[in-house]
Amino acid sequence: MLTNEEVAQDIIRKYENAVSEFDDPFGLLTFTTNRETIISLLEYLRDHAAFRINFLTDITAIHYPDSPDREYCVVYHAHSLVQNFRVRIKVYLTEADLHIPTATSLYACANWMERETFDLFGVIFDGHPNLRRILNMDEMDYFPMRKEYPLEDSTRQDKIDALFGR
Amino acid sequence: MKPIEIVFYVLTGITLLSAITVVTARNPIHSVLALIATFFCLSGHYILMNAQFLAAVNIIVYAGAIMVLFLFTIMFLNLRREDEESKTNLTKMAAVVVGGILMVTMLLVFRAVQLPAVNEGNFDARTGLVEQLGIMLYSDYLLPFELASVLLLVAMVGAVMLGKREAGDRHF
Amino acid sequence: MASDIKLAEAPPSYDGPGFQATSFDKIIGLARANSLWPLPFATSCCGIEFMATMAARYDIARFGSERISFSPRQADMLLVAGTIAKKMAPVVKQVYLQMAEPRWVIAIGACASSGGIFDTYSVLQGIDRIIPVDVYVPGCPPRPEQILEAVMQVQELAHNESLRRRNSDEYQKLLASYSIQ
Amino acid sequence: MTTEELDLANKAGVPARTDEGPVQYVNELTTLNLGPTHPATHGIFQNILQMDGEKIVSGEQTIGYIHRAFEKIAERRPFYQITTLTDRMNYCSSPINNMGWHMTVEKLLGIEVPKRAQYIRVIMMELARIADHLVCNGILGVDTGALTGFVYLFEEREKIYEIYEEMCGARLTTNMGRIGGMERDLSAEAIRKIKKFLAEFPKVLREFESLLNRNRIFMDRIVGVGGISAERALSYGFTGPNLRAAGVDYDVRVMNPYSSYEDFEFDIPVGQSGDTFDRYMVRNEEIWQSLRIIEQAINNLPEGSHFADAPQYYLPPKQEVYKNMEALIYHFKIVMGEIDAPVGEVYHAVEGGNGELGFYLISDGGRAPYRLHFRRPCFIYYQAYPEMCKGATLSDAIVIMSSMNVIAGELDA
Amino acid sequence: MQLTNRSKQVSNKEMTLAEKMYLPAITKGLGITLKHFFLKKATKPYPDVKTYLGPVFRGHHVLKRDEQGRERCTACGLCAVACPAEAISMVAAERTKGEEALYREEKYAAVYEINMLRCIFCGLCEEACPKQAIYLRHDRFVPVFSDRDEVIYGKDKLVEKSDDRYVRTNPNVQATPTEPSLSRSVS
Amino acid sequence: MDLTIFIVKSIIILAVFGISLLIATYSTYVERKVAAFMQDRIGPDRAGPWGLLQPIADAGKMFFKEDFIPAQASKWLFILGPALAMLTALMSSAVIPFGDSIRFDNYDIPVQGIEINIGVLYIFGVVSLGVYGIMVGGWASNNKFSLLGAIRAASQNISYEVALGLSIIAILMMSGSLSVRAIVEQQAEAGFLGWNVFTQPLGFIIFLTCAFAECNRTPFDLPECETELVGGYHTEYSSMKLGFYLFAEYINMFVSSAFISSLYFGGYHYPFMEQISNALTNSLGAVTGHNVATAIGTAAFFGKIFFFIFFFMWVRWTVPRFRYDQLMNLGWKILIPLSVLNIIVSASGLLFNGMKYASWLIVIVATVLAIMSNSRAPKGQVSPQRS
């Protein structure tokens, strides 16, 4: 069994300053890196002889409109099936420069996950083979999961908003 | 006119009409359908001559199988677009020459042969039936029959060879 | 808009159909009512309940409706079961347009009828915004019994509909209000 | 015909026509639209297939036809209302989604759920898994032309629904669990029904198996169709039965046991080459394994409460609300969604009907999640579809599609 | 790739000669379907036979009256908050003198509307109600609508009729997780 | 020709026509009921008593459904398609002998549309034309799914016709006639165990399989399989044109059943026909007795037809369908060689002092091989641990 400590030490040794903010909420190793390192880091973890973190569980993003220069956070969850070890990697991006390299060269499944993230948040994955909207209509002109956009369909007629709690 | 003659002339008329349609129709599908109609009428003629077996086989083989394949191919190829390549004068000339020669040959043949007529006295109602046909084929016409079958076999093998395309194979 | 959907009979007039015509109407109405071939436009949960309606326990076949026709040309009633997103809306409309008259529409479940809990930017808030709906079925998803109720309701409509209704001005107006034709 | 109309027609799965008539060339590629209204896509996604005759050369999918913005809604709803969303995600096996979500929240809130509640959850989740696999395998039968087996299975599914009804009063979107336990304890009637189901179901399942499993027509249709190697499957993020069919015995229930799954004995069925037959057989066997689990759980059902002792998160009994001021306050706080949720982030995965169903929850201490992301197995593995049906025929494409068990609600979120 | 020791190979793609010959399997299948041909049918002919919906089915909403026939609802609004579909809306009013026989508490819902097409019948309102005023009947569905205007149910359709009191048939089953068995509270 | 004979003949022809239609109509109802019963359902029961009016409701609806001709379709061919399908379907029942003969004024009038000495070929010819209805309709619809359906139908019909023809050659060798009536009568003479199904078991299986394919019934219903091709060749058809297509399918099924019964199950022959017919003529007199015996024979024939119609449905609701290439493989690589083998074995048997049961040899060998392989091979199914 791998321990969080062990993996964290190894990563720090390899990437030194490029990784930071190590944490383990509910036992899941979490750390932050930057967009220059992320692909090489994922590749390193995938090909690591001992860790074999070779399963990309998930890619998603989070919008923090209130934290300047760290408005967007792209979160990768990876998993080593052999070691049964999970890791969460975060990359913070600024509103002005929403670019991050794509992971499609490493994992085939990254394709749609990145398209979804682009569709919902507008994060641009550089080098993605087909970065189009996936869930929403192509004509949509905003990124609906960003906090500033409303959830509701503006055309609903049968709702009275004056009521409790809304 | 006897009723049978009326039937004959009507049938012949339809045959000719549909045969002409085969040639003139611009849409290949219509052309094929007209050809099927032609085969039907021909089968009708066979029946008039009491050759029931031939009539049935004509329908089964030609109308039922070969024309289906024709139709099949045409549907696949989508020849519906009516942009026929314009024929050059040379081809037109060649067509006229070939057609003319064929006509001359036919006329000569018709002049040479004695058209058989029905002799009511010794007419055998079973002439066109399958037994007679079989006996004829396997006795008097054995050689042509076998030759034809060899020819068909060769054609079939050839078709298989042509149709078989494998990577790196030489095409014949 | 919704009130337009009310199924109005042709206005009675002195040159209206005679007795024979009306009884003929009734017979054809009866035939139609008992032979409603559904086109299940099933997208989500309600689609599973529609399958349950087709299956042994509820057996929509009893109403003569088990012959599901996925070709819109052959269908008599469009069962929209499940959420219709805005991306899907034109497809629903297209399918409706391709159906041959007479056609009925059932909106099965909260999502198809009104959007249900999905009051979101991507979900159409009820298919009656794009096509006229004859019967709404509440529930999320409705029980198969309720779907059968809806089928019976459509049978009722089909039975009582005059043969001329689909050519009437009112019907054309209704379609025009959905900018159809 | 304008391009828009053409496009619409394409989308409707209805005959795209061009002015030149049907485009069918022997050596040229045909584009065929499967969906969104094609019967085999069950109305939810579109596959544009490039075909050479009946052979598929390449394909591209369009999804999002029932995108419902679950994640956005989740940011506006208190924790307990999100259950209604998860129910509608994989509607074939909603209790799994439902309880997966509750376990995620419990993990965040630090609630320890009593053993009995965990066992009840296991029973419900395994019933849901059976229901899910029944639909998938039944539909596979339908798509190969054998409708009857599907109807037999659906009748059994009705019996599972009956158990749900006994538990919560709904059939499909059950809304069964609660944060901190179950809504209701297993009633005597429910236990009786479960036992009856356990006794009667295997007969029907065996009947279904002998209708299809070793029938050569059926086997020919699915053996060797849509195979995928373990490496590609992992790269495509396959999980669940589809990954196991490729020969990787990854099962969240065994690797990261939750809700007392470590107490039960069951096997992980695996296939050989990840083709449709393997997927079918793996699902088929999983039904048997689920039956084993349910049997163990129902026989060893521990005594105790069916909800955790966490009054600030679990609704107090109604008579308490009347008498007890504290209970009344809790009641109002819980219903208003103003429970004290800690700040933090949780990832919790359960073995859904289709694979690893993950919930990534970020809480900022407010009444609703700050961000909730669902790892939907369907969404991730469905991207492999064009690769899997390359070189197959149109009929194969359809059985591959149904054997992958793509559930629209899960696919599009 | 083997990760655990619990895996088990389940698919066998080799066919025996008998299986390759199609007919044995088909005959077996024919036998099964023929058996079912003569078996008892599972169908419950719906409008003629009403299905048992379970003891806690979530059907038509009802606003309960108490033993003396007074409306229980106090228009606190918890149900509206708890409703994920936001289908419930209400207007509260103060009870005036002389209305004590009508309303149990000082406040009552002058208007109480549920949009039946929005409602997803999740039962959260029933659970949220601190006064046990709203219930989802276990014995009745909401009927289908053919007009969009009928779908908003007001108090006229929701409040239970005094001659048609709603009682759960099975007193042993809890209606909500925490309810003290409704049948006892009804006279 | 005598006028009475003409009238009786016309009545018979009309009756055959009418009965074909009636049976086809009610086949739709029976199909729905059979499907329902096999699936533990009860099927249509609300249109009339036991849903008996269901087919009439369907027909009534279809007549008054909007008739739709797609804008891009080629109009005449679009109409021609269903008409052809219906025409060929109805034509084929003409040569089926439905019964022995009606004795009337010293005339024996066979209960048959028309007796020709190439009846078998006639049926083959007409059946082979049936595919035109599908092809023309599918092509004219101008829809990819329809076209695919049409193409599938065409290739399927051509392929299976060959095996269909080859499979009955052994019967033709035994009977020495192409007349359906002659074949039936020959079986009647040979008695119950002389029915061709007992002399030609393999031929029967091949013929039955091909008959399924020619009727486009499951497991060979690829031209219209709805999970792949929506509606197949009739995707674009609505109203009664669709009705004609569906109808033609059921008429084909009826004719196939009749043909199978005549060729392999002794047609209107039934066990102890001779004795019963003799007893009847003795007790009721030559004319009435003969006619009653004919009626019983006809009833027996219809019984056989109904069984086969039921069998068609029974199979449909049991087995999955083939894939296109597998269907071709089955036709060309299995059924045709098998039927050739059957011809060779049967012919050898016939040459070898007229043994009619030679075909059993193949069946027995195959069965023995199958049993041996089954017992030797590991158990087919990895039997899961059942608790």
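Things worth noting here:
Should a chain be cited, it is by its letter among A, B, C, D, E and F, assigned in written order, with residues numbered from 1 in that chain.
Assume a contact is a pair of C-beta atoms (placed from the backbone, for glycine too) under 8 Å apart; a residue touches a chain by one contact, two chains touch by 3 or more.
Bear in mind that the values here come from a model prediction, so they are computed numbers and not experimental data.
The fewest steps needed to get from chain E to chain F, moving only between touching chains, is 1.
Steps from chain A to chain E, minimised over paths through touching chains, total 1. Distance from the centre of chain F peaks at A, each centre being the average of the chain's Cα atoms. The chain pair A-D and the chain pair D-F differ in C-beta contact count, and the higher one is D-F. Centre-to-centre separation of chain C and chain D, using mean CA positions: 30 Å.
Rounded to whole angstrom units, the spacing between the C-alpha centres of chain A and chain C is 44. Rounded to whole angstrom units, the spacing between the C-alpha centres of chain A and chain F is 63. Per-chain CA centroids place chain C at a distance of 25 Å from chain E. Within chain D, contacts with two or more other chains are made by residues 14, 21-24, 38-39, 64, 67, 69, 72-73, 84-85, 148, 151-152, 155, 158, 173, 211, 214-215, 217, 234, 248, 250, 255, 267, 269, 285, 336, 412.
Residue positions of chain A with contacts to 2 or more other chains are 81, 84, 135-137, 144, 151, 158-159, 165. Shown for chain F are the residues that touch two or more other chains, namely 35, 38-42, 45, 139, 147, 226, 230, 235-236, 317-319, 380-381, 384.
If you check the complex, the residues on chain C that touch chain D are 40-45, 47-49, 51-52, 55-57, 70, 72, 82-85, 87-88, 90-91, 94-95, 98, 117-118, 120-123, 140-141, 143. Touching chain E in their complex are the following residues of chain F: 34, 37-42, 45, 205, 314-315, 317-319, 366, 369-374, 377-378, 380-382, 384. By the touch criterion stated above, chain A contacts chain D in their complex at residues 25-26, 28, 30, 54-58, 60, 62-63, 75, 77, 81, 84, 86, 88, 107-109, 111-113, 116, 120, 133-137, 144-145, 151, 165.
Chain contact summary for the complex, chain F toward chain C: residues 32, 35-36, 39-47, 51, 53-54, 56-62, 64-68, 226, 230-231, 234-239, 242.
Interface of chain F with chain D (complex): residues 35, 38-41, 70, 72, 139, 141-148, 218-219, 221-222, 225-228, 230, 235-236, 317-326, 380-381, 384-387.
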